[in-house]
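Which chain is which? They are A, B, C, D, E and F, in the order written, and residues in each are numbered from 1.
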């Protein structure tokens, strides 16, 4: 199995609903360093998993749609607790929509919220 | 599949038994930067894998029980070669005891012993 | 010259005033990974720059006062553009107030806002 | 499942064939920071996955055979587009040849080409 | 004193002249992760050292002029041993030309060639 | 001003004397990731600060003399509290002895003891 990963980041404000979140129930924010990993069983005719330049470009578009925003007011995320886990899924699903399968097997998205905590979501393509 | 990871560290002394360890047969030590990854197929009602605050707290307790000690003299580790691999298992098993399953699927513990070497142990929950 | 550095982090929401900030004029947020470096020409009688445990504790208190907040509504920061540079100064000044000189020469605070951008402020003690 | 990882690096020149590579069709180069991860279901009698010293030594030999070279002129790689993915496979296959199975289950090789992009190849042993 | 740093990278081929370079006398290559640090005694009216967006843009232009090239054939570098140290100076001088002083005091450029080696050049502005 | 840095590491056991050290008064250990930075105002005729291969080799020798040992029993360190700060000085002084000035201006040694704490010592050459 092969994989290729590209990294970008987004800076957002949000608040989280539920006592379990303690002080994170208040409006605060995060930088998410986002790693998108594309997996494929065999390489294509060019010897690659996918065009890494296009992967970086699409990832940049996806994080640009979320970044520099207060996620509490994003209509597309209404009713969702925008935890790191949920945002990893949102990013992965949007990347999956943009790429389609094109021979890829799965996609793993990791959001690093600090030097001591991160979350991931993996899905088939 | 979702996952959440928290990071902490511990500083220990130990020696390793066996010719394969070369100079590490002498009493020496290590800082282990410890990453604990909790995996779960679906998120709970709060949109999380687990309470990351509690995960960090329990990890801190587990590394505090091992840290600032000479592991050669720890009764709980008697008869064990305290390699990075074995210590990854000890940390994972203690975390598993503290958490129980509570909907989690598996647990991966990585101990980084330097900028050029690390070891992991993964187990179901 | 000796130095000791401790690292912590804070997660905040804010917006920045001024056309130069482009999309960062909107309410958004950041994780700042905060490095506080204390400098001293000679070591004390214990062979240290300062008590690293107390340094970590005071840094934790300083970031706790800022973290999990919308800085646009913090009275103590009213009228300030809370850029990474300004926040580095705020953190440094609060650390300086907490520590006093006690033989230290200077203090350097670095706030990392992503994997590709950071800012620092250095001041005497 | 246990694993052990060792890290080394190699610095190479090459060019890539195919329009998808854009400016990377020109002769250029890369530092690949190489992580080799060895997986094994149970530990051996010494409490390890494998002799980490020997793993580091063999990895060093493998990267030394490729490093400080123009890969466009390497007979062993003739006719191959030396993408990061393909090179991950080359390194993994050479490590597999050097180690044999000796109880190991699989091998994962990751080549980091920058702070924002990397590729991996995983194979059984 | 304040500073702001932005990070980018470039991938180049080159060879080095002189016995001291050993195998690096052969044509090979490197990824340089480039950190550009701008220093300024006081902040401007917006509370910043400089427009970080423009800093990132100019750094990208400078590394794009060098990247995906064989530096042995670059007319602008003819007669220069393109060591990491020399390239740090080239990048710094080109950034200085692009920015001018505009209130800045100095500029530090660091080129990381691997996880175990890097070089820097600092100059006034 | 130019600089070149090389990185290595050492794994040691020790204990620290003094109430300020709390649990670190017990025998424990550390991995120190060691960065040695050599500074020089101008480059030599080869376009370098120093032979980076020899710098790495000498650093390896210095850390090998300290590593895989219990520093409490090292005659050369008798009577010294082997704090991170003191060990940074020991490493720097030994590097200085091995190199001499040879045109170098100063030397900075940083010992990283974990992902959240490190210490440095800088001296002229």
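In the analysis below, contacts are C-beta pairs under 8 Å (C-beta built on N, C-alpha and C of every residue); 3 or more make two chains touch, one makes a residue touch a chain.
What you see is a predicted model; the values in this text were computed from it and never measured.
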For subunit B and subunit F, the touch-path distance in steps comes out at 1
Interface of copies subunit C and subunit E: same or different residues on the two sides (over or under half shared)? different
Max Cα-centre separation from subunit A goes to chain F
Separation of the C-alpha centres, subunit A versus subunit C, in whole Å, is 28
Dist(centroid_CA(subunit B), centroid_CA(subunit C)) in Å evaluates to 31
Flagged in subunit C as touching 2+ other chains are 7, 115-116
The answer for subunit D against subunit A in the complex is residues 17-18, 20-22, 80-86, 88-89, 115-122
Residue set of subunit E touching subunit C in the complex reads 1-8, 43, 46-49, 51-53, 56
In their shared complex, subunit C is touched by residues of subunit A numbered 7, 9, 11-14, 23-24, 26-33, 67-70, 113-116
